[in-house]
Amino acid sequence: GPAVAPTAGDATKAPGGEAPAGDGTVYKVGLIVPLSGDAKTFGISTMNGVMMAVEEAKAEGFNIDILVEDGKCDAQEGTNAATKLITQDKVHYIIGAVCSSESLPVSVLAEQNKVVQITPPSTNPAVTVNEDGTVKQYVFRACFLDPFQGVVMAALAKELGATKAAILYDVSNDYVKGLAEYAKESFEQGGGEVAVFEAYTKNDTDFSAILSKVADANVDVIFLPDYYNKVNLIAQQIKEKGITATMIGGDGWDSSDLELDLMEGGYFSNHYSPQDPRDVVQNFVKNYQTKYNSMPDSFATLGYDAAKILIQAIQEAGTDDTTLVAQKMAAIQYSGVTGDISFDEQHNPIKKAAIIKISGGQTEFFKFVAP
Amino acid sequence: MRLTWLRTPLRIIAWMVYAALSLVIVYGVYRLIQFKGATYFFQALLDGLRLGFVYALIALGYTMVYGIVRLINFAHCDVFMVGAFSSYYAITSYGWGIVPAIILAMVVCIVLNIAIERMAYKPLRNAPRITALISAIGVSFFLEYFTALRFVFGADFLTYKRPFDVVVWNVLGLSISNITVIIVAVTLALLALLLYIINRTKVGKAMRATSQDATAARLMGIDIDRIITLTFGIGAALAGAAGVLYAIAFPQIWTFMGIMPGLKAFIAAVLGGIGNIAGAVLGSLLMGEIEVLTVSFVPFGSRIRDLVAFLVLIIVFLVKPTGILGEPQVEKV
Amino acid sequence: MALLDVSDLHVAYGAIKALQGITFTIGEGEIVTLIGANGAGKSTSLRTISGLLRPVQGSVCFRGVDLTRMSVDKIVKLGISQVPEGRQIFPKLTVRENLEMGAFTRRDRNEINDSMERVFSSFPRLKERLHQLGGTLSGGEQQMLAIGRGLMSRPTLLLLDEPSMGLAPILVEEIFSIISQINSEGVSILLVEQNAAMALSVAHRGYVLETGKVALQGDASALLANPQVQEAYLGEG
Amino acid sequence: MSMPQARCLPTWLTTLVVAVAVFVIVTMLYARGIMTSYVYNVLQLACIAAISALGLNLVYGFNGQFSLGQIGFYAIGAYSSALITKEFTTYWSGAQFSTLSWLQAGMIGVVVILWAANRLHLRQLFSRLNKALAELRRMERTILVAVVVVLITLVLVAVGAALTWVLQLGISALLTALIPALPAAAAQSVLFFLALVTSAAFAALVAYLVGKPLLRLHSDYFGIATLGFAIVIYTILQNSDMVIATMKGARGMVEIPMWTSWPWVFGILFVLVVVMRNLVYSSHGRAIISVREDEVAARQMGINVPNAKVIAFAIGGFYAGMAGGLYAHLIGFLHPSTFDFVRGFDPLIIIVFGGLGSMTGTLVASGLFSLIIEGLRVVLPQGFEDWRFVIYPILLLAIILLRQKGLLGTHEWGWLQPPHVLLREVAVTGGNPQPPEVIP
Amino acid sequence: MSDQSVSLLQIDGLTKLFGGLRAVSDFSAGLPEGALHGLIGPNGAGKTTVFNMITGIYVPTEGDIRFDGTSLVGMEPHLITRTGVARTFQNIRLFQDMSVLDNVRVAYHMHAGYNLADAILHLGRFRRQERLQSDRAQEFLAVFNLTNRRDELARNLPYGEQRRLEIARALATKPRLLLLDEPAAGMNPVETDNLMELIHFIRGQFKLTILLIEHQMRVVMGICEWITVMDFGQVIARGTPKEIQSNQRVIEAYLGKRRVRGL
């Protein structure tokens, strides 16, 4: 059912309302997510996750002041949002953004202004790494990179005994494109054949021509590395074409809006499994459900962990000195919903992927894959 | 200059060129069919046809309004979206059937569109045409962003529950679903109805007269406000029906769903000759076929389907500046 | 009671005051002509009567009914039909469809066909061009079409704005005789003309407008004889 | 229209004073830290929007050609200038000036081909050829003519290509010798300037080539064709990584040197406003405007209408290209989604908002446009971020409905007003009597 | 009259088909330098179409038009204007939203004498030529008594002044041949008389050859030296005003039996 998403207003208590704790420093954090435009729903999920973490921290007496800005999934808007947060509101930390096209210009500004940035879901390597291979000191991400997930997906397909695959991806979305390319490479290296490797664009709704090719190629698996909304639409048409191959996806599938009966028998890699018995996971899922009345999706989960990582790094540093916080974050040992995380030298998280299987209209935990 | 000796060799060359060209064409078609088999080829044609009819359904509404008030009604695609959403709520929340859902969508769209006309276009009737266009863009933005608010439709991508089951028939190896049949039937029926209204009824003639010279039309005793309202009403009804059928064909709805099909359909209408009802359908079918055939047969086709579609549009314009069925622009000097 | 009573009419286009209080009447069965130089306000008067313009002040009464708040289509239905200046025919309708539009307010097919035949007998050229698009007609043909279209609604009062403009002399003659003929069938006519001599020769009465005001009025023959009129509008001074 | 009045100050002086004041105030406020980078950035974006909108105003406002393709030229300017400067700083192609020199040489090559084709008077050539071959049948004639066409084309292309190649070598050698010899800051400025001008000229050339055939189309058809062009560009950008890896396609082109600054933006805007104003109030400008008013009459007045249209369109493309170049170096990152067709409405909204055919209106409206969108960000309380784009169209509608001809209609301010024409005592040569007064 | 020594404008066998309609059919005429000729005929006879073919708006289906020895057939309208042919339109076509002065200056564009760069950089040549151009334009306005309307928008002029402005604008292209399409339409007799004087005046002043279409006989008979009458696209009579007035065929097809009053 439709998630009832709260507005930011519900989640943000009046800043500065609480008495400053400890040394009295208020940590100002900016949050940039798309709150208008067609990526809004992803932005809201991310924000929900972040806000949950922030409130938990506040309840523990951590003095944090969060300011939300709309990045509209757009470079210019993202830049404006970031310059406003940094120069006008004087935040020292930014969580966000969601789309790589927002996160990239923000990361440049963050680096210039020594503002610590952690993006929950942007997978574009250039967010944390400069073209010359040097790392952006102040920029981190909470999600795993495309190569890892691509490899995981390909390995899973192999494990299922597939030899012939189709990969459908969105050229206009670099996350999807990245996953598709790495999955292809990895699957072919493992001796498989990618019979159909076809692109579509963000706004396509009719996939009949591509799917004719898929049907014609008689594949064992179809990789659909897109987000749940697109996958729902494609899966529907896959079914109508009478194609029965197993569908495999990435963390973009993780959503309560995924149409499970269409994906029956499919698998996807995810950051965590709701069935994971650890407290942190169970509490997160339970609290999220009570607060927002829906299951958390991957955006919410990553948003939650990103905020938690930031807060932990600040607490470890114990000051508002962003250089120190960035150093602490680079060396962090964080244990959260999406597993035990530390950062590699390129500020990408090292963590396990959970494989989720869809059967009987339910998701169930299949196994963990470590990098 | 005596050039007659050139005749025979030139003629031979000409025939050779013709023969070569014909061979290339025949071979090309043969290769297309052979590429993945005849079934694949004809299935592609069929899929293109279906997509074309979906575009046609939307294009009819655009071209209708454009033909009468010369306004590119950018808000049309958002009215279309509202139609899809209202039927969604009727079907999922109240379990309505397809027919009442379509009727509801049409009614909602008519009310909405007439309200828009009253508020955003009517005050601009004597202003430059572009002002109304900007107003339409404003309305379009408003509808998209307003309905995306939490307490309206929200920003989620909703899966549209079809009120009936999909049946896929297999005819000679080609799969045809009942959805395709419904879309084709509804589009053709609406086309016939519109053609009848515009060309045969008094109201239709009044519409055409209004579009050509509003002042003169008033002097004939035509209440042009009523005619324009009616035009927007019909346009909205078409948008409503199209919204529901589109959502049934591609069962997912969100508040920005209208933009791309709207743009494609509008361009298809222009391709066919804007303001021309039959042209809208023809242009749409062409557009659908181009897209699907490009994806099916051109290398990297799925990446460049829009590019190919628009290149074809531009080429058609260069050959026929007013679209396929558009009347040539005559100006008596 | 006169058929049409115009009293103290003021009309403005934004800041430009086109009419500054004109008063005139048209009796049942009369031909009345308005003459005056360019920009005197003749067309403005006609447009106000037919409801295209709203007066700032003053009234227009048709058989005692005030027209100034009425919409154009209602006024047409009352039996007032205007042949506008500059023809304004529908360029992309055929000649036939243009004529049919003229009969928009009428229902009876047979009567409409009768009227159309009458128009054709006045303007045989239109019959030859029946399926041509209005926009491609020559200037004079368009003028014929405009008049024919105006007659199609069987008006009680016909407002003619420069019907002879751009017509061949033979047709000018023709048009004026048609005007007399229509009038003899009981249609009242308000005629605006540059060709004052001809207009006054068919009209019963006339008004001379000067910059939005009535400068002179009287019987047509009296105006024709008036030396002021002769000098200013007949070119015989 | 303004009557001759005794002014204390000439209009150019007041206008210059205002421009200098704006420049100095912004510079000061920023330097003193009173103005944040945020406001400073938004001001630059507003100026960039103004440049692009000014170009469209020439095309639509003055020339009357409804174009939705401005965003395409903006994209061309942005990406090509970014490629040039990025190559300078990172040697992505292994050289430092090859993009710049190839672009320049290529443009000269194309212009030479066009010029030569024009000088050959091809149409006359073919009609003469046709006449000479009159005794042959149509089919046979067609073949001969086709052969001639192909030959001429081949020769022209060959000449153009050869020229381009030679020129490229020369230009590249010249640039390599000169620019690195300059002090670093100067080298950077010179290169930035070259990049902006070259890419804007490139956008203009593309506009010329696209406009030449398309400008035959009437009003809305032209609008849709240009929209098609913009979408073609957008699709090409999405797949650009297949050809030039640095452009990165949908991943977004990163690490473009961020060289744009307020003096650059304001200076270029200032120069371009002066150019536009001088153009509009010249005989060429009047020719362009007359095409908007009545094409048939304009032709009969001896105006080469297709030419007037394509010149206006190319200049419009130049402005868009310039704006795109400045944008690329302001944000430092380019993504195809920035050049989406919905964004293409922005300059159109701005010019209608300000008043079609009013340069002052365009400038004011660009400022207001940015002020509304970014102002809402500042004004709206936390929790109402998603209301920004709900309120913006409402404001837009309100203003459009209240001021149907735009904020300024066709009015201009200060030096942008039509220059005053001296009233002359004219004696009609020949001393003939004046014709008699016609009744008023 | 084609036998007259040198024709400035020579039309031979001109034919124009619109679909099946023969708007002009085998029309021939010659116009000597300095002549003032009238072209009359019933509505729809094809007079305007002849003008449109001379000025390049329509391409003739058949036939040839020679102006001062060069063929105008297939030439672009603006080039035709450059060879020295100017016209006015039956339905006034002014540049409505431009000032009266600018309307005339547009016509002067081809004699502007400076290029884009001069204009943008405001070089000396621009200033000189612009001054010259404005002066010339104002001279035209003075001739047509429009000086006090100089800065008005064309659309705000009364009808009669619009007609005069259109002629002024045509003259600004410095034509040798002027084509006037019903210049007196919509004018009252007094205004018409003034127009006639004006036409006479400009003919002498600017050394023009004039071809005139008009339905008001007081104009045609009053100022034309020679008249060509068309009907159904063909020439049915030629002659002096006197001859035409008494030509039986012309009376039947065009003038009408009863003489029009006010002639």
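Per-chain residue numbering starts at 1, and chain names A, B, C, D and E are given in the order in which the chains are listed.
We take it that a contact is a pair of C-beta atoms (placed from the backbone, for glycine too) under 8 Å apart; a residue touches a chain by one contact, two chains touch by 3 or more.
Quick caveat, the model's predicted, so the values are computed rather than measured.
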| query | If every chain is reduced to the average of its C-alpha atoms, which one ends up farthest from chain E? | reply | A
| request: Tell me which chain's centre, taken as the mean of its C-alpha atoms, is farthest from chain C. | output: A
| note | Expressed in whole Å, how far the mean CA point of chain C lies from that of chain D is 51
| task | Return the distance between the CA-based centres of chain B and chain E, expressed in whole Å. | result | 47
| request: Please compute the C-alpha centroid of chain A, do the same for chain B, then give the distance between them in whole Å. | output: 37
| field | Centre-to-centre distance between chain E and chain A (centres being mean Cα positions), rounded to whole Å | value | 74
| query | Out of chain E, which residues touch more than one other chain, so two or more? | reply | 48, 57, 89, 160-161, 188, 190-191
| said: If a residue has to touch 2 or more other chains to count, which residues of chain D qualify? | reply: 238-239, 296, 386, 389, 439
| Tell me, which residues of chain A touch at least two other chains? | 7, 36-37, 40, 171, 201
| request: Quick one: which bits of chain E touch chain D in the complex? Just the residue numbers, please. | output: 55-57, 74, 76-78, 81-82, 86-87, 89, 93-99, 101-102, 105-110, 112, 114, 116, 119-122, 126, 129-131, 133-135, 138-139, 142-145, 147, 150-152, 160-161, 164, 169-170, 172-173, 188, 190-191, 194-195, 197-198, 201, 204-205
| task | Over in the complex, which chain A residues touch chain B? Could you list them? | result | 2-7, 36-38, 40-41, 44, 171, 198-201, 203-206, 208-210, 212-213, 216, 228-229, 232-233, 236, 240-242, 257, 259
| message | Using the touch definition from the top, list the residues of chain D that touch chain B in their complex. | response | 60, 66, 132-133, 135-137, 139-140, 143-144, 213-214, 216-218, 220-221, 223-225, 227-229, 231-232, 234-236, 238-239, 242, 296, 341-342, 345, 348-349, 352-353, 356, 386-387, 389-390, 392-394, 396-397, 400-401, 404-405
| query | Which residues of chain B touch chain C in the complex? | reply | 202, 205-206, 208-209, 212-213, 215-223, 327, 330-332
| Which chain B residues qualify as touching chain D in the complex? | 1, 3-4, 6-7, 10-11, 13-14, 17, 72, 120, 123-124, 126-128, 130-131, 134-135, 137-142, 145-146, 148-149, 259, 263, 266-267, 270, 274, 300, 303-304, 306-307, 310-311, 313-314, 317-318, 321-323, 329, 331, 333
